[in-house]
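Right after this note come the structures.
Next come two complexes built around chain A: one with chain B, the other with chain C.
Let's look at the complex of A and B:
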């Protein structure tokens, strides 16, 4: 079951920048995901989430920096064998039947890693017949076929670009349930992008916030929540060991999200623990991470 | 929900109670009402994760907590099993408390509180008054 040491990062971005012509899309992005992590890549639309994911499978090249995926450099070798990527539009041949899609996937994934029986059983579990045409499936069913094909590669790393966008709540839960069951069984690592935090907060254990072309926040969700406090009141004051990330004032009422520099935050600490959404929103609204230090 | 098992998990996303503690509370409730009995197997982490789409670590954390409380036992390769049921206080007290709680809920309904409001309020009071208390063995 183990191909890698549990301590080796499965995915690592090291000072990665990306320019499109004169436009700088990403600047100096660094983070790493160990084995078995389920990470949310969160940022507003246009923050560069898709570019970041595409670079991990060699569909785009970093302008500077390096990406390490399961010990390979996708800029040099293309999509590493142990990685599956599902783009947001879930590209499938609309005129194919599901069984033809499965056959195509087998051909497109040579080298013994393809597990067609597994993909077929995931599709059967979803109540989708192999004789159905892709174009006749609902958005939720198409997403489930795309995920089944991605998991049929038995990946060590699964990259999902906005997997839940435009899906109903039942399809969202079924798709995340399927992905998380695979994580439980195989220790696969997942990085999924989303611009809606509530969709993914129970599913993920790691958070990467992308904004202003940079990684604004990165870490285990439990640790990040424990390392921040929310102060609320007419005049919020902060202690010496805290840094204000974001402060919003409405009338005489101020709410501030602060970073607590003396973890673990004990029960005696003032303020309250933020929700994941409060944490993300505060970082996305902060001017920039460096300005926040001075605020 | 996780069907086909003696405990059915569901997550209240707006309750403010950490997800793993919701799972712990639901197992304890099942033990208390007798839905789970000694020797029963808890749902596998995979079954829970697949049914309610939560992170596997959350299930492991909940089961570890139940193990720490001595309520269940993990048997490697076999699953997690219930060791013993939770005793209830004598049923007379139980009945009185229940009646008073029903009165309270009726008041809440009359005041226009939703199910979510009531559950959040109840969970908040319980959390505050029983703070730090995890085992009632």
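Let's look at the complex of A and C:
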């Protein structure tokens, strides 16, 4: 029986680990994504973002822990009906015409959930003819078709793996515009991965930072920014080490991102709210558990 | 879902159908040409009467010589085409999905992996089996007068493969191999190579063991009645001479001193031979062997398809 409630997080990772043979890809990852959020999953290349997303749609299985997606366990049930996923390489049948891709999506989504007219209108809005072959489309056009097919499933949760990678600035704006319009229209939840913070900072209101195979930070972006401070001052300033996320020192000057608002002592000390990029970069540069183990 | 598999595999299925159609036409034309030529030579009885020996010198020999090559080629072509059908329709079935990563698209839609796998298999295996059936029926009809002319039984190599239920079993093995390898390998080329090699190994093992599965029959001919040849109702496998004490005398050890004008039988008798013994696999074992070998093929194919299903459950 599905006991999923509308107020529950649409996506929850509970102590999820993933091993590929002897290689540990993710370790003890936990976070929850509230309904209606547009969340960014940020991490360096190879951090495990794709693995984390693939596990949410049943394309990979956790080695430990549990994932709850709209009240279902994708490892057991496969992709839940209310979820759409667009992989980084936008896998579509290259020999098909666009109209055939639409038909393929229709036959793969029986039972009335598929909104072919909506998907077709999104494709038409992108100026893509239904008679064009997928293999002849540009990267941006293929991304538009892939996202149109994903939105045609009328998802409650949309998972996008690096949706803006390899796209030109105009295509990036158009893709994000399409996604945000759908969010406005339906109130769906979005989790999109990226390793470029500037790509997503205007669109997202929730952040998950992945590094060292673990979730380093997650929460609403406004709350996270308000909960951190950039302190800069002389290298001798004494910020509380327990609250320092990352400190960089150049010569006699040091800049530190700290978790609270308390400014360090000293006449030259100053504090400011970090930008999203400063926050993410500080966490990604922070000493990791691997470093500690190595030390 | 069937439409999607058809659309993806359309080129392969149409290629298979075209090969079957061309082969059926070639078989029909070959029979018509043989019958026409036999009629013009007045040798039509050679095509209908198995007791008539048309392999000797004379008009029958002309018919024999003219059509032996085409007959061998057609037999070989049908034998090779049937497993090729399975390879053609199944080589890209799963391999291309993983190769081009479209499996990640299909498996994140609203169809279960079981339904995806089953529809893929059914939509391509059934046409391949139908193609093998059509080829088998066409070959049986078209090659029947050739077999009478060339006095070829069903139990020998090639005859065995083109009769009975071996053709569907053959296509089943190649299809299952390609489908199974397609779920494990991410390259269509590797699947093609693996399937060809795998099928050849399996076929070689089956042929090598075929005539030892059931006991052979033995026909003993008194040496006085032996004229150098003997007709056995089946596939001759071995022969030996027996001496008066029942001891075996290898053929290479007798007849060496026979003169060119000497009666061969008398010469053998002089060397102590009292009987010629022929070991053969009788025609009556045709259906038991068909059932055994096809059964092995079906079990093997089931294992291969099962492994494909298990692997498909974990694809991503």
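Quick note on the criterion: the second predicted complex is superposed on the first by the 264 of 295 C-alpha atoms of A that agree within 3 Å, B and C clash if a C-alpha of one lies under 4 Å from a C-alpha of the other, contacts with A are read in each partner's own complex, and residues count from 1 in each chain.
The rule is simple: contacts are C-beta pairs under 8 Å (C-beta built on N, C-alpha and C of every residue); 3 or more make two chains touch, one makes a residue touch a chain.
For clarity, every value in this text was computed on a predicted model and none was experimentally measured.
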{"item": "Clash or fit, chain B versus chain C on superposed chain A", "value": "fit"}
{"item": "Contacts of A:109 with chain B and chain C, given as first, second, both or neither", "value": "second"}
{"item": "First (chain B), second (chain C), both or neither touched by A:283", "value": "neither"}
{"item": "Touched partner set for A:173, first chain B, second chain C, both or neither", "value": "first"}
{"item": "Included angle at chain A between vectors to chain C and chain B, based on C-alpha centres and rounded to the nearest 10 degrees", "value": "140"}
{"item": "Touching partner for A:84 - first (chain B), second (chain C), both, neither", "value": "second"}
{"item": "Touched partner set for A:31, first chain B, second chain C, both or neither", "value": "neither"}
{"item": "Greater chain A contact set [chain C / chain B]", "value": "C"}
{"item": "Partner chain in contact with A:198 - chain B first, chain C second, else both or neither", "value": "first"}
{"item": "Partner chain(s) touched by A:93 [first = chain B, second = chain C, both, neither]", "value": "second"}
{"item": "Closest Cα approach, chain C to chain B, once both complexes are overlaid on chain A (Å)", "value": "26"}
{"item": "Residues of chain A at both interfaces, chain B in one complex, chain C in the other", "value": "none"}
{"item": "Chain A residues touching chain B - in the complex, by the definition given at the top", "value": "38, 172-174, 176-178, 180-181, 183-185, 198, 202-205"}
{"item": "Touch list for chain C against partner chain A, complex", "value": "1, 3-4, 7-8, 100-113, 314, 316"}
{"item": "Footprint of chain C on chain A - complex, ascending", "value": "54, 57-61, 78-79, 81, 83-85, 87, 89, 91-94, 96, 100, 103-105, 107-111, 113-114, 153"}
{"item": "Complex interface listing, chain B residues touching chain A", "value": "11, 13, 19, 45-46, 49-58"}
